[in-house]
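Both of the next two complexes hold chain A, though its partner changes from chain B to chain C.
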Partner chain A sequence: MTLAEGVQLVAFGILVAMTLGGALGVVLLDNIVYSAFLLGGVFTSMSGLYILLNAGFVAAAQVLVYVGAVSVLILFGIMLVNKEQPFTPMKQAWVGKVATGGVCVGLFALLTASTLNTPWAISTEVPSGEMATVAIGIHFFTDYLLPFELASVLLLIALIGAIVLARREFIPDVAPGEAESEALQLPERPRELVSSVSSVSDTDS
Partner chain B sequence: MQLEYFLLTAAALFCIGIYGLVTSRNVIRVLMSIELMLNAVNLNLLAFSNYLDPVGINGQVFAVFVISIAAAEAAVGLAIVLSIYRNRDTVDMEQFNLLKW
Partner chain C sequence: MTQGIDLQGSFVNALVDLGLPAGAAKALWLPLPMVVILIGATVSIFVTVWLERKISAAAQQRIGPEFAGPLGTLQAAADGIKLIFKEDITPAKADPILFTLGPAIVVIPVFLSYLIVPFGQNLVITDIGVGIFLWIALSSIAPIGLLMSGYSSNNKYSLLGGLRAAAQSISYEIPMALAVLAVVLMSNSLSTIDIVNQQSGYGILGWNIWRQPAGFLIFWIAALAECERLPFDLPEAEEELVAGYQTEYTGMKFGLFYVGSYVNLVLSALIVSILYLGGWESPISVSWLASLIGVSETTPWLQVITASLGIMMTLFKAYALVFIAVLLRWTMPRIRIDQLLDFGWKFLLPVSLVNLLLTAALKLAFPVAFGG
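Our next item is the complex of A and B:
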């Protein structure tokens, strides 16, 4: 990394603020669509942090896979299951939240203490920089060849499994006459909006 | 720039992810929290790779594996969520007790 030390520090501060603020928004906001878009922002700023760590290839993979695929997948999931229902309030839900918050703060304190007290063996070698991509490729095809191939098999299994799980199991029994008017409706979604619009248009005509 | 800064950032992100994982009622938000935790682990791996092993960069290889596993996990998780939503007609975590009794 050829940036000056101060530039790195300022960039690190901005990226950390974006990451942690976005993560808090993902967890705490009420509207889940805002959470999904903030998650995309968190992934993008994480790729900036990866660039600060001399990992250009992983940063590009992060943008491609997380921002391009996982965020869009989660947005599609939200659109498919977006049901406007108020959750029935649990009795003493605050106990669970307070306990979880306590556990998380305690875990953070533990990790902070162990991080600050460990004498890290910081290497003094110069990082490989742009040659990291070549080094990753050499790793993939020599000493990490078996995990690499297993990852491809795992992705294939996940692809087939997702298709099998999410496939629509039933075809609704509708008469062919009314199937044309309800062509835009998914069979498992509530139908108030579309049917009200169509009935209004029917009465107009 | 210090190694400890990145490790503390990753620890904070991981704790936020755990909080969201446990306290969320919406299933999609649980999946998002898992993605946050996987990102925190990736940041840890890359920080170790840059500061402790800058020439071998085994940590970057592990981070690429984690990214691919996370993509597969998101796809299968959303498929399971869709399947449960079709059966139970809700996305509330408190009502998913299929494997409880």
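Our next item is the complex of A and C:
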């Protein structure tokens, strides 16, 4: 075994342990903030696996998008709305947990079986390595143009939806004529609608 | 890849001649450049802190540090020793694990980014294909550490500072990445070595700053915002947030934030000098001068001179930019958080998009000047 192979083997072991341990922690820990931070760790170790597969560009993109943007936004969301409240303990909560566990184990078994039984067509080509960036770019603008553009349209839709929701002009928090039940309210101060605030300031001036 | 000195090759060859197997010689070489760069980055903190103190003193008509070493050059060492000996306090209701991890996550990506900073044709730890993109990706990790330390301190000012840091970092990453993209468009490569080589040959006239003036300004502003330097130091705005996410930190954990911010400043200055100021290229091209006096480029003494001149040029450019950053810090007022976000999203982002489109158009129109 050469030095490079040994390093790769050890790195693979560490990365797999980090990915699996982190992923289990995300699911099993009670504290949602820990889960969110561990999710960032899982994404980072997955980008390490991409580096081992000679896919440097994908690894950097994984860090940029999933660690730098997705995890940070999840954390942002948690920290803006998180208010520590004692949960009222539910009776027979273990039924739900056992059912969830059963479904997860079943899914895992199903996926393992299909992974092991599928005759994978493993490519014998040499990984493109450094030239991967060029290859990805060419694919984006030729045969994968439609999915690429559709994904960008999807993001645009999400962007516009978020702005509409945040401005609160078209969708009032509470429908007129019916009081919202307390259980459905977010633990934050009720805010006035943007439109009503602006109309008040108009009459003031 | 034949020009310049191949330090790795000669080192490995020397060890193989001494009777070591080639693999062992390579393994002995591997840690050397990393250690050298780590030491260089650490020394750069001392220089930058000293510059910061002296320049701020000059801006305020004071003398500044004077007694610690000649001209106060050892002041940073005194600061560091003080931080090491301070008691390491974790607040009683803080989250001890996250509180300890936070500063480390802020510092590690900054040091990792030195992987791609070239000081010469072969004077770089790795010349990887994704180069500058790796730096953008790594710099996006820091806000996680800031959020972590802000949250775990269990202090509302810390949390606000952490959230502000994350918001600021996410907003200014986009114009910065677009500015880098315009440079990449001209050099046809993400590798930092290729980006510098594309600017070489014409001395100071070939540098990207003449072809990307808007990109240079956008990148510099965004880099200052990413480093949380005034006028963008809102995450630690003393008058509003005590000290932001670092309020509860003492001792070496605070020292890590301090180290991280100064190393990040030097790193950003290095990246600006690589992207826009020609990296290790001198204002007057050395190879042109050599051909003028009739010396071959492969002459050993010329290569040594070129390499050392390259390192000096890179550092000189970076420290000139650090000087500007320090001067900005002590002469500019801080902007408000809403102004900061407005400026990032409503001004820098559209301008950088236009810059990118203009660069693409110019590349199609004048492939000679804009790297066809």
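Just so we're on the same page, the second predicted complex is superposed on the first by the 160 of 205 C-alpha atoms of A that agree within 3 Å, B and C clash if a C-alpha of one lies under 4 Å from a C-alpha of the other, contacts with A are read in each partner's own complex, and residues count from 1 in each chain.
Heads up, the rule we're going with is that a contact is a pair of C-beta atoms (placed from the backbone, for glycine too) under 8 Å apart; a residue touches a chain by one contact, two chains touch by 3 or more.
The model shown is predicted, which means the values in this text are computed figures rather than measured ones.
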Could you tell me whether chain B and chain C fit or clash when both sit on chain A in the superposition?
fit
Greater residue coverage of chain A in the superposed arrangement, chain B or chain C:
B
Considering only the touch criterion stated at the top, classify A:E130 as touching first (chain B), second (chain C), both, or neither.
second
Pick one for A:V72: touches chain B only (first), chain C only (second), both, or neither.
second
If we overlay the two complexes on their shared chain A, which of chain B and chain C does A:G40 touch? Say first, second, both or neither.
second
Pick one for A:L9: touches chain B only (first), chain C only (second), both, or neither.
first
By the touch definition at the top of the document, which applies to A:V63: first (chain B), second (chain C), both, or neither?
second
After the two structures are laid over each other on chain A, how near do the C-alpha atoms of chain B and chain C get, in Å?
13
Kindly list the residues of chain A that each of chain B and chain C touches, one partner per complex.
57, 61, 69, 76, 80, 132
Which positions of chain C touch chain A when the two form their complex?
23, 26-27, 98, 128-130, 133-134, 136-138, 140-141, 143-144, 147-148, 151, 159, 162-163, 166-167, 170, 173, 190
Okay, in this complex, where on chain A does chain B touch?
5, 8-9, 12, 16, 19-20, 23-24, 26-27, 32, 35-36, 39, 42-43, 46, 49-50, 52-55, 57-58, 61-62, 65-66, 69-70, 73-74, 76-78, 80-81, 83, 85, 87-88, 90, 96-97, 100-101, 103-105, 107-108, 111-112, 115-116, 120-123, 125-128, 132, 135-136, 139-140, 144, 147, 151, 154-155, 157-159, 161-163, 165-166, 169, 188
Contact set on chain B toward chain A in their complex:
1, 3-9, 11-20, 22-29, 31-33, 35-36, 39, 42-43, 46-47, 49-58, 60-61, 63-65, 67-76, 78-83, 85-86, 89-92, 94
Sort out for me which residues of chain A touch chain C in the complex.
2-3, 33-34, 37, 40, 44, 56-57, 60-61, 63-64, 67-69, 71-72, 75-76, 79-80, 129-133
